[in-house]
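Labels run A, B and C following the written order; every chain starts at residue 1.
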Amino acid sequence: MLEMHKLLIGGLMTAALVSGAQVAQAQNQVNIGAIVPSSGPFAEWGRSNTVTLKMLEKEVNDAGGVNGAKLNIVILDDAAKPAQAANNMRKLAGDDKVLAVAGPLTSSACEVTFPVANELKTVTTSQASSKPGVAKANRPWAFRNTVDEGILAKTSVPYFTKTFGAKQVAIIYDAKDAVSTSIATKIMPGVFTEAGVKVINGDAPISFNTGDLDVSAQVTKLKSMNPDGIVIGADYSQAITVIREMKRQGLMKPVIGGTPLISSAILKAAPEIPVVAPATFYSTMDAPKAKKFVANLQPLLRNTSGLPKEIEPSMYDANIYEIVSMYIDAVKKSGVTGKAENLDADRTKIRDYMANLKGYEGFSGAIHFGEDGDAIKNFFIVQGQNGAWETKVTGCSAAGGGC
Amino acid sequence: MLLQQLVNGLTLGAVYTLVALSFSLVMGILSVLNIAIGELFMLGGFIGFAVIASQLPLPVALVVAMAGACTVSIIIQKIAYEPLRDAPMITPMLSTLGFSIILQNIVTNIWGSDPLQLPSELFDADFTIGPVRIGFMQLVVIGITIVLVAAVAFLVQRTAAGRALRAIAENRDVARLLGVSVDKTTLLAFGISGLLAGAAGVLISLHYSAITPYIGVDIGLKAIAVMVIGGTARVWGALLAGPLIGIAEVMTIAYGGSQIRDFIVYGLMILILLLRPQGLLGGPRSDVGQRV
Amino acid sequence: MSTYYAGLFADIGILFLGAMSVYIILATGQLSLGNAGFMGIGAYVASFLTVEMQWPLTAALIAAALAAAAIGIVVGFPALRLKGIYLAIATLGFGEMVRSFLLNFDRMGGSGGFHGMKHVSLEYIWLWGGGIFVLIVLLERSRLWLEMRAVHDDETAANLVGLNTTATKVGAFGFGAAVAAVSGGLFAHHHVYIEPGNFGFERSIDFVLAVILGGSTVGAGAVVGAGLLVLLPEWLRFLADWRLAAFGVLLVLVLLTRRQGILDRPLLDKLSLRRARA
């Protein structure tokens, strides 16, 4: 018990010292916050996000900082738990006095963190959440550097239909996950029907739950429907289970899904089954800015303990890099002072910068934000086959077309 | 499709059987819910993966993973259970929960949180009988499950160690008076429990060939339901209840109700608890006087 | 107080109420591993009433508590047939069934969750927390509590001396469910968003942990337990990737060194004696 007390008190003191030091330096540095899931089921994403942000911090400071001030990114782990994410937001905005926050990653965490961002009047931008309408419900301080799945499907579905000559498709989805459910039960059936493709089980899509290891019964049922293509509503780690099982049962049909499918891991699940999904970044994409980013980040990721040796930068690393870069751009261009007494005004300036963003160059081209707080940017419909992604169509998420 | 679904259900059921038996050994004998069993299962899977990835054959993977899970199970017994043996049953249950958190964290830090996949197609071979496609690994899973259940049944029912286990399950104080070594027997229960969880982990991870550090959580809860339905007094109960639940799940999915699957499994479990608390196969109940 | 600590104390208040719901049921010797189910029922009923029926929050919480109490009593009756770990497992099954039901309950959003609640203040949460705490302290000094403890210690004997053990046990389930529902209603109106995943097994276990860590023999123990469960993960942040493992280690250490929980009667007496002297 005594040891425990000591440990606790030690921890408290360390925490107090760290935050004290940050406040003392606040005069000559620019503070940005980040909420990432470095422990729990998405630890890998959170840890690679952390490495990405550390790299960005070093890049900026090596180049002379932000308007002469040092960039300081305060990174907090939410363990993918919504309540911890919301408290992280309170700590970053209230105690650490950051100008703006990047994160959180999951949609569940965004749902409870975005209202806090509005309460505390601090911009926060999620690097991954794509559940429909989450930023829209939390205007004006919440943004997401992700594209509405409904818009993406309008480009990915016609490509899929044409390429594979699909006449009828069947749906399987993760019923425990909100994004997957909305992609598979709301977005895809409508878009496929519009494209003249029959959705065999549109009324009763087959579901499983996050964490299920066995989806053999679901796949057997899919197979019995005799579809030309499979719609998978799931994040890539669950989708891998489904694709493995499809291969095992000999259901070698092309797969289509939303952005949550994008990862290098899914390419290894069954290389001979083509996977079509929309992406705004993938590690082998052919664009100078992205190539440089991957070349710098990949070795850092692979040398970090707690991350696998063959890891590649993910779309969420690219997104969070863009988010913090935008904030830095906002500080430089919109007269943010970084002084404690101007904190409220500075935060408002960053929000206005984000809302009126024009011509910021991200990895896929120019980025700006729509009325609903979601990013409008170029995206690629990519096809994964034989272990690599390849861009098949390039589109823009703006209502009219061009970005 | 029906036959194919039966095969699917039997394979899933085999997994449930092994994990349920793992729970049941500790619970039936010591009346303690070892929550970390889900994580022993997960750990077995990761160890098995590591062995296969370094080009060693399946039997080696099985043995190493079983030994690894067994060792951790014994550590749990020594630290989390033994000192709290006389405490109310919630306390050891929560200390095993502590271990399940620790194990998830350690595995995440070693192997990452992304699904670990087998690099090659080592175990994807299959053959067809009429309309039914059976995988090589499915046969291995079902076969090894039957062998392990039989071995445990033999141990519990036919050996001196088994008599000691049953004596303790019946009444610990009386068993001690009769000269049964409670310490050794408790260790044995945890050890076998770990062996079974480890074996289940390897089989499943190689069969489904994609695992994450959090796979133990849901399988663990399901296995508790299977344990209850089979009853903790008879080893063979798990072999009956596992496939029963596996097939019930598969049939719910096949005939329209994939969303209500969990609802049905847990509903069935509660029904059994109320109508036939000693489980399908019956037998005496060991915990009637247990206080929390 | 900083907004950060205000957020943490709100979480502590909500967890404290959840822990009290377990404490009440545990007082009669019954362990519930399904109280997150009652919490979920409370959260959804209260949110439905405030958002769609425009009820004031207090009325909605009371209604949610009554609804959950009714369900708690319905659950309590069959629970009479079960004891010890089997009862715990049955309640675990109940909790999972509620979660599975909410996941498929499209009227309230299903897996997409439910929004539209108004944020409540920290004071309001602790007004409920304090109120229910006072209620339980009063209960602990009543004859009814002695009856509950008697059922806990030896049910057969309690029956023999003419105590109505059925009413005591079922009543405890009803009261516990009501408190869990209040906790859920406050959770919904603190985070202004709920989804079925909020009310799973992990939450039920958190309630039990708070009670056992804090001290299961005194009501005040749950405050300590809830505080630790919320604050420890925050204080352990300096351990980075090993934060959760360290939490697990501390959990095991506390259980090994203080199996009766951090607070118990002797410690409370000592503390209050010292205060009296000062």
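Everything that follows uses one rule, which is that a residue touches a chain if its C-beta (ideal position, glycine included) is under 8 Å from a C-beta of that chain, and two chains touch if they have at least 3 such contacts.
In this text, all values refer to a predicted model and were calculated from it rather than measured experimentally.
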| item | value |
| --- | --- |
| Winner on C-beta contact pairs when B-C is weighed against A-C | B-C |
| Distance-maximising chain from chain B - centres being C-alpha averages | A |
| Length of the line joining the C-alpha centres of chain A and chain C, rounded to whole Å | 34 |
| Chain centre separation (chain B, chain C; CA means) in Å | 30 |
| Contacts with two or more other chains, residues of chain A listed in rising order | 39-40, 43, 175, 305-306 |
| Residue list for chain C, restricted to those that touch at least two other chains | 103-104, 241, 243-244 |
| Set of chain B residues in contact with two or more other chains | 105, 109, 217, 259, 262 |
| Residues on chain B engaged by chain C in the complex (per definition of touch) | 27, 31-33, 79-80, 83-84, 87, 89-91, 94-95, 97-102, 104-106, 109, 217, 221, 224-225, 228, 259-260, 262-263, 266-267, 269-270, 273-274, 277, 287-292 |
| Chain A-facing residues of chain C, complex | 2-4, 6-8, 11, 103-104, 110-113, 115, 119, 191-193, 195-198, 232-238, 240-241, 243-244, 250, 253-254, 257-258 |
| In the complex, chain C residues that touch chain B | 26, 29-31, 78, 81-86, 88-90, 92-94, 96-97, 99-101, 103-104, 152-153, 201, 205, 208-209, 212-213, 216, 241-245, 247-249, 251-252, 255-256, 259 |
| Touching residues (chain side chain A, partner chain B) in the complex | 39-45, 175, 204, 206-209, 211-214, 216-218, 220-221, 224, 237, 240-241, 244-245, 247-250, 263, 265, 268-269, 305-308, 311 |
| Chain A - residues contacting chain C, complex | 1, 4, 7-8, 11-12, 14-15, 18, 38-40, 43, 47, 76-77, 79, 82-84, 86-87, 90-91, 93-95, 108, 111-112, 115-116, 119-120, 131, 137, 175-178, 181-182, 305-306 |
